[in-house]
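As structure tokens, here come the structures.
You will see two complexes here that share subunit A, one where it goes with subunit B and one where it goes with subunit C.
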Partner chain A sequence: MSRLKILTEHIDKPEITGIEGYIKHGGYRAVEKALKKMQPDEVTEEVKKSGLRGRGGAGFPTGMKWSFIFKGNDKPRYLLCNADESEPGTFKDRLLMEKIPHLLIEGMIASSFALGVKTAYIYIRGEYMYILHILQKAIDEAYAKGYLGENILGTTYSLDLHVHPGGGAYICGEETALIESLEGKRGNPRIKPPFPAVEGLWGCPTIVNNVETICKVPFIINEGGETYANIGIGASTGTKLISACGNINKPGVYEIELGVPVEEFIYSDEYCGGIKGGKQLKALVPGGSSVPILPNRLITKTAKGEPRLMSYESLSDGGFPTGSMLGSGGFIVFDEDQCIVRNTWNFSRFYHHESCGQCSPCREGTGWMEKILHRMEYGHGRMEDIDLLWDVQRKIEGNTICPFGDASAWPVAAAIRHFRDEFEWHVLHPAEATRRNYGMGRSAEPIEQVTA
Partner chain B sequence: MIETTNITFSPERLAEVQTLLKRYPEGKQKSAILPILHLAQKDFGWISVEVMDYVAELLDIQHIEVYEVATFYTMFHLKPVGKNVLEVCRTGPCMLVGSDNIVKYLEQKLSIQDGETTPDGLFTIKTVECLGACGYGPMMQVGEKYHEFLSEERIDQLLEGFRQNATQP
Partner chain C sequence: MPKVTIDNITIDVPPGTTILNAARMIGENVPPAMCYYSKLKGSGGKCRVCLVKVTKTSEQNPRGMPKLVASCVTQIADGMVVENITSPEVVEARKGVVELLLINHPLDCPVCDQAGECHLQDLSYEHGAATTRYDFGRRTFNKIDIGPYIQLHMTRCILCYRCVYTADQLTDGRVHGIINRGDAAEISTYIENIIDNDFSGNVIDVCPVGALTDRTFRFKSRVWFTKPMNAHRNCDKCSGKVTLWFQGEEVLRVTGRKDQYGEVEEFICNTCRFETKKKSDWVVEGHRRIDTHSVIAQNHLPYELDVVHPQIEQAQ
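Presenting the complex of A and B:
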């Protein structure tokens, strides 16, 4: 079946990485149109009409975010592209930047024009250094062709675009931490307000958008916001890149029209191709490591018994006890042999490692969660540890200055909520718990036999 | 093992630093810390206190301002490392497809533990958190290159390749 591809239609064509190939396939038309035929506010209006929501994870409406940019002073304004992509399970922006870098550059130019920005930065995680070189080459090509620099395409609009490497800190994906990092400091998030749109980079009005979000802008300008809004389902408009991984036959990045049933996404040959080795599906993290895990019974159906769809609304249906989030689209699939306690410990270790240490609940709490989960996984757990874990995560959630605390708490809360019996089993069967090789699935017993 | 001797960038590198500084507004040169630390690590092998002091002087900022940044970001090696730093991702999705076994195999093959360097200074094993290759694990990063879908056989090939590179002039 042929599906609409807004971002990835030409991604497999090798020539698309260079500017000539990109132009051959219709590239930079949006810049021409925006700069020569539209006013900046008209571009923002089209983005508003499109219903585009930020693709980094939070899903905030992009056009609305742009409209918050403070115009009440004559300070420079900045657009920062968040290419930090550090959410475990998420590897979609990497594909765009590696294969079709000019799409991001075109989106940055058009978006900067809309926002009245004269200098923009792409903040890319330092580990993606090889992609940084690809982006730099593309930026150089864009300057040479007159799409960047002074008086772009003979208009009065000028823009400088730079790529800036991070240093390997997950927290720098949080917009205010990213700003701090770009200012040459530790990536400690700032208290909001003031929001970056008012006081961001170097105290100037700043908008921070994810790579995928920016890459949607050329389509919206070329085809119109309404056309984009008619794709997808309900308030989940357009397409979304989903990076699928874990125990599936076909891991990779897929562009879907929002609204595809989760069951179809997991089992159809067009997407994940089913569970590897013909095993049973045990659990799913649909939107990156921070979003709540869903157990088998809630993956394909919502709590109301309706088909679960790949959309912002459907994945969160029912609120916390029965829902999750579309998040960044980091789709992690677990087969029947995987150990939820081990996975939760692994994610807690990640969050402990990556906490910036600024807020006590997060700095201390992530470490406590990791330690408790470690002893449960390695056969030294106590039954009261489960309630202690619950208590610790409750004390982190909502009590930190940035969403990192929530991100560390939600995976623990959801794991206990849906898999409490498995935590209890670990406490009651310490010897078996330490012997089980869930990672490779060789000696694991079917989870159905694991009872307290 | 690469040692930090003669802490001075080459003229070419200094020109690169000047280009970097132009990306940021006047007086905001501190923003170039991370790009310059990356260059310093490439040239000097690791980020010693002397390297940090040198970067601070290049940027005309306090030494402490570089210390607090270099110690925050995990990509900077604050101790000497081997010529090839084998950074194996150990986070969730990579663990699901066997990263634990890859680390064990590397430790066994090189007779060192996570965080250690081989006596010949050729390899350091370092487990790291998510590298954004979740669909292609298990994986490791060596320098700027990602090595994905690792198996024991693939590890053997890679180690052999690194050893051969080391013997070439």
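Presenting the complex of A and C:
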């Protein structure tokens, strides 16, 4: 059974990358419609009706965010597309930019029109340099066809669109750090308020949106917000790109209708195709490295015993600490052979490396967590280390300038909450813990079979 | 004027006042500040020692804020209720921040020039734990002379950014800032450059710890053995109002005058600070008032011992 695809329907057609192919498949209709038949506020209204939530991780309603843009001064307004995509496990935006760049450009034009923006930027992570060239080519094509520049399609609306490479730092994906970086400074997050919608790039009202979010806008304009809102489930409307990886048969990027059961997503042939080698499912990180890990018993069912669905609400489990988050859709599956301690250390290593270092809890705490985890993983852990680790993550969470601090703490907290016995096993069996052969076929000591 | 209640004390403050400044106006239970500096624009929000709990956001919004907030960058709203030391959560979080700050700060107070004037020392004394749970290697650095007047001990730096803002806002052609990220971040001058302009010495005064030291004073004396006096001179670059730190008749050090929060009242130029060190260069105004709780007060303030009247138990 094939389901509705809003973004990826034509993605496998090679001609879709060029402007002619894109137009042939219905491209740029939304720009025509918005600029010629709609008022800017009507576009925002449709986006509000659609219930679209930001796809960059936090899931904030896009229409509402747009309506916060400050109109009380005559400063220029900016739209920034967040194409930094650096969350480990998340690799969905690249697919859109690589295969169907005009969809993003069309979304940027329509969104900029809605927001009264005259200059917009796509801030792309430095490592995606080859995609930058693809985007630049597409932007040039759009200028040549009159979709960008002065008086677009003969209307009074004009827009300039630039693509700007970042320095390759995860923190530059945080919206205010992105703004600092775009201004040519260190990518340090700013203290909020003021929020970017009031004082963003160069002190002017600014909206930052994820690539996938912006790519949804043309569909919403063409088909109407209500049509979009009828797809999905509850407050999780529409479709979502999920980048699936780990021990599954078919890793890749899938566009799902929100509300698909997690079990179906993992096991059906349409999506992940089950666990590689027929092994047992052990754990799941459903939304990129920063979201809490779920143990086997909570992957297909929530704490209340309901089926777990791929949606913002269901994955977060209604606020239970046993839940996780849909986040950016980086779906990482672990089979029975994977070591949670090692994985947690690996994530921690990343957060230690990427902290901007501005605020003390994150700067010092991420390194401390990494070192404790490293020690446990390499057979020198102590029982007290588990509580110490718990304590250190608590000192970071909620006490920092930007959500990076929480992102570094949550994976550690969830790993201890759900897999404490595995941490204890590491302390009690240091020799075995060190000897295991990771990721190279079957490891010598499947963790579940060992009881401390 | 909006009303704010901090640790059960209510005060009216001008709109736009931050929680920290409102607490300073009350004058009791003032949250500590390691990175905020009222004289430096944009400072604050980084060290997180001033975290407080907002239990009521405003008259209109009686719910509190979900997380602790940095009092130095959070503005008050009418009817706001704040807990500082009355909140166990705040006390716990602050203790955590102090522990984290001390991870990479050596306890070299016995030889540090800032001993006795160090905000981190005060902070750990008031809010820290007596022991450490950190048992990994700590960062080490060589000391660096940045120019003829200033020495940087990067080991002691807590990355509060105060000196960066000072250099940015007070001196021309800033050459110093922070390089690298996370716990590898460090203060540095632009490649081997020196901080060389008329107001550079102020970075020493704003540093809350002993990371930036005055090369004309280092190791001359412990601060509590010196005698602080207010003095002034005619200066064409700054107000010329300073504190002179005497040993006998000799001026060992010149600094800006600091207010009760340890912040410089008026920034001074390098000539006043480094080059006019004879008593005769100055008009000495008189003793500088030093808080009795400060170790600098030792040896200086006249004080009387309480008279104890022992109650001799009456034989029954």
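Criterion: the second predicted complex is superposed on the first by the 447 of 452 C-alpha atoms of A that agree within 3 Å, B and C clash if a C-alpha of one lies under 4 Å from a C-alpha of the other, contacts with A are read in each partner's own complex, and residues count from 1 in each chain.
Operating definition for what follows: contacts are C-beta pairs under 8 Å (C-beta built on N, C-alpha and C of every residue); 3 or more make two chains touch, one makes a residue touch a chain.
Quick caveat: nothing in here was measured; it's all calculated off a predicted structure.
With subunit A as the common reference, subunit B sits beside subunit C without any clash. By the touch criterion defined above, A:Cys245 reaches subunit B but does not reach subunit C. In the superposed pair of complexes, A:Gln358 makes contact with subunit C only, with no contact to subunit B. Of the two partner chains, neither subunit B nor subunit C is touched by A:Ile6. Using the contact criterion defined above for the overlaid structures, shared-chain residue A:Tyr130 touches subunit B, although it does not reach subunit C.
In the superposition on chain A, A:Leu389 makes contact with neither subunit B nor subunit C. In the overlay built on the shared chain, the residue A:Trp368 is in contact with subunit C alone; subunit B does not reach it.
In the superposed model, A:Gly168 lies in contact with subunit B only, and not with subunit C. By the touch criterion defined above, A:Ile401 lies against subunit C but remains apart from subunit B after alignment on the C-alpha atoms of chain A.
Residue contacts after overlaying the shared chain place A:Ile191 against subunit C, while subunit B stays out of touching range. More residues of subunit A lie in touch with B than with the remaining chain of the pair subunit B and subunit C. Nearest C-alpha atoms belonging to subunit B and subunit C sit 5 Å apart in the superposition, given in whole angstrom. Subunit A residues 169, 186, 353-354, 356 lie at the interface with subunit B in one structure and with subunit C in the other.
Across the complex, subunit A is touched by residues 44-49, 51, 67-68, 70, 73, 93, 96-97, 99-101, 103-104, 133-134, 136, 158-159, 161, 178, 180-185 of subunit C. Touching subunit C in their complex are the following residues of subunit A: 169, 171, 186, 191, 352-368, 371, 388, 394-395, 398-401.
Contact residues of subunit B toward subunit A in the complex are 23, 25, 28, 30-35, 37-38, 65, 68-69, 72-76, 90-93, 95-101, 128-137, 141, 144-146.
Interface residues of subunit A, counted against subunit B in their complex, comprise 76, 85-91, 94, 119, 121, 125-130, 160, 162, 164-170, 181-187, 202, 243-247, 251-253, 285, 289, 330, 332, 334, 338, 342-343, 346-347, 350, 353-354, 356, 439-440.
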